[in-house]
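In the two complexes below, subunit A is the common chain; its partner is subunit B in one and subunit C in the other.
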Partner chain A sequence: MLEIRNLRKTYGDLVAVRDLSFTLEPGDILGFIGTNGAGKTTTIRMVSTLLEPTSGTASINGFDIQRDPMGVRRLIGYMPDFFGLYDDVKAWEYLDFFANIYGIPSKQRPSVIDNVLELTDLTTKRDAFVQSLSRGMQQRLCLARCLVHDPALLLLDEPASGLDPRARAELRELILELGRMGKIVIVSSHILPELAGFCNKVGVIERGELLAFGGVGEVVRSVQPHRKVHARIVGELDGVVATAMACAGVSDARIDNSGSVVIDLQGSHEDQAELLKTLLAKGHRIFEFREEAVNLEDVFLKLTRGDVN
Partner chain B sequence: MSAIGNWMTEQRRAFFSNAVSQRDFRTQMRGKKAVLLWLFYLGVFFFVVGFGYQSQVEVHSGNLVELQSSLNSFYQSIIAALGGFIVMATPALTALSVVGEKQRQSLDLVACSPVSFRYLLLGKMIGSFRYVWMLLVLSLPFTAVCVSLGGATWQNVLVSYALLAAHGLVLMSIGILISSVSQTATTAILYSYFCTLAYSVLTFALAADASPLFSFGPRLQDPFEAPVSVALSPFLAASAASTHTTILDYAVPNWILAVGVCLLLADLFLAGAGSALGAYGAKETLRFRTRLLVNAVLVGSFSAAIYAVGSRVGSRSSLTNESNFCFYIAFLCLSPLLANLFAWNWNAPKRFQYDGDFRLRQIFRGTPSGGLPFAILLILVGNFSAMGVGLLVGIPLTATSMGILVFCAGYATLWWGLTQLTSCYAADLKFARVIPFFVVLLCELAVVIAVAMTSDRRTNPLYTFSFISGPVIADHDGFLKYGVAAAVVGIVLRLCSRTPRKERNIETVA
Partner chain C sequence: MIRLMDTFESPLLGERKRAIRKIMNPTTSKGTNTAIRALILLLYLVLAVYGLSVDNSALLAVISFALLTALCFLTPALLHSAIAGEREKRTWDFLAVAPLTASQIILGKFSAGMSAVLMLMLACSPFFLMSTFRPVDPEMSLSYPTTFVTQPQYVLYIALTILTFSMALAAFSILISSRSRRAFTAQGVILGLEALVLLIFPTFLSAISTDRIYVRLLTALSPYSSVSGSLDRAVEGSDFYGVGSDALPMLIPPLIPCATYLIFTVLCLIWSERTIRFADNDVRFVKARARNS
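Entry: the complex of A and B
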């Protein structure tokens, strides 16, 4: 379990991170969203014991980042927003180096390396020199490096920048898999769609302040209290709008350009079910009835004013 | 029991399966560049050796005895050249070791893994040490020729190589230390060469000063007594190899003592590098500070012993009659570094933020409040070990010795007060550390210039305004008076500076 309590970092007069507090459970995948200079990297570096907090602290499975940094380091895998690769080193040697640093016995290292290479889809590049890998491959190698010691917490600082769409999709799968394995994953990014698919928690940070934190749904609802329901209907539409407007929890209903009815629903899922029932009971021939997927982009733009320190 | 076991495992990992050195080894063995470099080295070495042979051996080809002795000096010049190569190569090998990782930002990756900086630095050290050994091994054919011609013995060759390897360790640790404190590659290379040069010159001067018997050219093969300092110069390994120091009636070979000193120095510099990289309350700081204390003991006792042996075998110079005079000189030379102990700044990392004036508990934490107590502890330890060893080897304790002790402590207090004052106003830590140095330098320069403008220079009363030359030329308790005066000035300076109070962030107040 990761617990962050009042974490704060100041540079002179600049407050880079302002009293951040949140808790994550094993299996949580946190999308850490913020504009440039919002304080994502600073937060992640503090949790990874690289940066001394000005005040406040964090603990991972009971190990405090200030009192017991060595204990914390054994539990975390930190992937920075730069690579930190060595020249003249082969991919497997690079991994072997870190496996050795993390104290994995030399007998187990080959199998560990093969595992992480396979996980990151780099098996064919095992003997390639690090500098000969493409940017995306280097990025995956860095991720592989984070995994050699099977950490409980992964801190990924903008892991998807530089990846092609396929690699991005694979990364998403990989992170989901890591979440299923019971690891805590923090993924920072400012590219929102890439987070939407697989995070179960989001934190929006702006000017060092955590503006919103929680389950994806909660955060979206806090910003955008009504749900959008799209209904597509065979036949006449105006009657549907009228019927919908009369239902409980519906604040607005209109027909959009694609010819479907968009209903703004304030209420719960209960109300949504009621609405569908009513519509059907009134004889409307509905062939599609769906809630619009959460739009983190909107949430983000609403929360952040786009101003940077 | 398990604590010892853990410690053993840790040491085994750091020394024998060090990941950093293994990785460096893999890359070192790669590519044609390395081979070319070694060929180049052999070529240059061959050239240097050939040149030495021409100038020293050929001219004497008539007389067999002369030939023997000139072969010996030829051998000595080979070893000296080897020392020169090591002095030139080590900064190149080590200056970039840490700074390179900083710039590639791979240092962070190691810093957030569960190994100490010491592990990393040791790995770097082991990696570079292989090069030093390569330098030595490749020179073996040349020294072997000397041995077979009768210019040297195998024993001497082995001992010289051991000495050179030890010097290599010290020089490498200096390079790594500089690399750890530097932020850019250029400054790292520049300062490493500068410090290596300074170290070589200093040890050479010490060695040359210590023994009248030392010289190039024809000399005795038999072992003779000389101060340890002859073995401290990388250039004089061959001649130092057959010297010894008499300790309690035992003739202890100087090379053994020198290797010991080198190991301690290397360990000290490595600890310094680790401490420079470490954060608040890091083990490395504790390690570094204890090493400093140990080395103060060594400097103190060695200087007294060297002085005693030197006067027994007829050194060229004998400094004064005080056993702790050498320690005092070393202390004066290193005093500009004192500001590093005391300076603080609110924007700096936690270990450099003001946390009080004088707290014994912080001595090994590396925070500013532990600076002065640590400096005083260092002074006490160094002076008393010099006096103790002095008494053992027959240098009497004088009032001046105690005066020197008081002066050292007072002078440290002066630096402390000055650094406290500058820390209150300096924008960042760097200024807080550097300004006291310039202030002291300017004050001393002012005295020197003032003296230079007057007619009688030797006994000029203006000298009394200098904390450096004042006590030396004053009467026999000059050190005591100046020490007390320096302490008073330091405390007054501290009282003049405003009480350090953490300024709150404007935003927090709002």
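Entry: the complex of A and C
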């Protein structure tokens, strides 16, 4: 379990991270989003014991980042936003070097290395020199390095930058798999659609302040309490709006340019089902009825402009 | 006590493997490494040819000074980037975030550098042995009547002086490296200070006076005068090859400079341990009108 309590970092007058608090349980995958300079990297570096917090603290499985940094370091895998790799060694030697540092007995190392290379899809590059790997492959090697000691918490600072769409999809799968294995994963990214796919929690940070935190659905609902339902109907549209408006939980209904009915729903899924039933009962021939997908980008734009409801 | 044990069983000893692999494996080398390797090989060949053609004490003098001078450059070349280079290449974070204490990192780096130094010393050891134990050619000893190595323990002192001096230099390189942001700056500072201490300062001192006792004491601490003192003793009864034997009679036994270098080594290592994280928490320039106002 990761517990962050009132974590704060100031640089002179500048408050880079302002009293951040949240908790994550094993299996949680947190999408950490924020504008440039919001304080994501600063937060992640504090949790990974690289930066000393000005005040506040965090603990991972009971190990405090300030009182027991060694214990914390054994539990975390950190992938920085910018990094270099030793380029005079082969991929497996690089991993072997770190496996040694993390105290993995030399007998187990070859199998551990093969496993992480497999996970990150680098098996074919096992004997290639690090300097001969492409940027994206180096990124994956770095991720492999984070995994050699089977950490409980992964801190990935913009891990997807530099990856091709296929590698991104694979990274998503890998992160989901890590979540299923019961690890806590924190992923910071600017590419929002990417996060929406696999995070179960989001944290939105701006100017060092956590504007929103919670389950993806929760956060989206806090920003847009209305769920939007799109209905498309064959033939007559007359009366649809009036019928919809009469249903429980509906706050607004209109017909948009493309001819589909957009209904703002404040109620539960129960109400949504009732709405569909009523519309059908009134003889409207619905061929599509869907709730608008969670749109993190909207949430992000709304929150970071400061216009939260 | 347990912490101390932990320190010596440094997991960063893998660093040693990496350093040796770097030196030994020519396919990965960059230009400078190849140049250094070529230079060492050339020096070695020249010594081998030369060693077989001169008498023992001349060989001892040449090999001692050549090795000492080579290490004056090699040790900083190996270690100037130990930490500054990692910072510069952004590989430092991975060490900083690993369960390693500062002293483990320092000792890992130190032992990596020293393994290379020891490799070089081992490569030179045949010359030392040859100069000490090679039977003297009667014809040669006629032409140079006083060039027997009669006191082999002084050869050992020379080797010890060179070893401990390069330990001090290695520790000093690590200290400067852990205090610098750029490998290049570290290299400049190390070589500059080395030149100051070994060349400029002694020249300056001898220009003021050579009689004052403190001047002679200070000069005796230089590895060059310590080695030349030992050379004179090794070749008994001769001051033919002893560079400074007239000007600087051996004031202090050769083990005192060695001890001094060892103390300096320990001090530098301790200081590096204290300062190694100096760049991690630094505050970059922040404008007064901070955004949170």
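Please note the rule applied: the second predicted complex is superposed on the first by the 305 of 309 C-alpha atoms of A that agree within 3 Å, B and C clash if a C-alpha of one lies under 4 Å from a C-alpha of the other, contacts with A are read in each partner's own complex, and residues count from 1 in each chain.
The rule is simple: a residue touches a chain if its C-beta (ideal position, glycine included) is under 8 Å from a C-beta of that chain, and two chains touch if they have at least 3 such contacts.
Since this is a predicted model, take the numbers as computed values, not measurements.
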- prompt: For the three-chain model obtained by superposing on subunit A, do subunit B and subunit C clash or fit?
  reply: clash
- request: Using the superposition on chain A described above, determine whether A:Gly12 touches subunit B (first), subunit C (second), both, or neither.
  value: both
Task: Would you check which partner chain A:Ser106 touches, where first means subunit B only, second means subunit C only, and both and neither mean what they say?
output: first
Message: Just checking: does A:Arg140 make contact with subunit B only, subunit C only, both, or neither of them? Give me first, second, both or neither.
response: neither
Query: In the superposed arrangement, which partner chain does A:Arg207 touch: subunit B (first), subunit C (second), both, or neither?
result: second
Statement: Dual-contact residues of subunit A (subunit B, subunit C) 11-13, 15, 48-50, 52, 70, 73-74, 76, 78, 80, 82-86, 88-89, 93, 97-98, 100-103, 145
- prompt: If you look only at subunit B, which of its residues touch subunit A in the complex?
  reply: 13, 17, 19-20, 22-23, 26-27, 30-31, 104-115, 279-280, 347, 349-350, 505-508
- line: As the complex stands, subunit A meets subunit B at residues 10-13, 15, 48-50, 52, 70, 73-74, 76, 78, 80, 82-89, 93, 97-98, 100-103, 106, 145
Query: Given the complex with subunit C, which residues does subunit A contribute to the contact?
result: 11-15, 18, 48-52, 70, 73-74, 76, 78, 80, 82-86, 88-89, 93, 96-98, 100-103, 129, 131, 145, 207-208
Message: Using the touch definition from the top, list the residues of subunit C that touch subunit A in their complex.
response: 11-15, 17-18, 21-22, 25, 28, 89-91, 93-101, 280-281, 283-284, 286, 288, 290-293
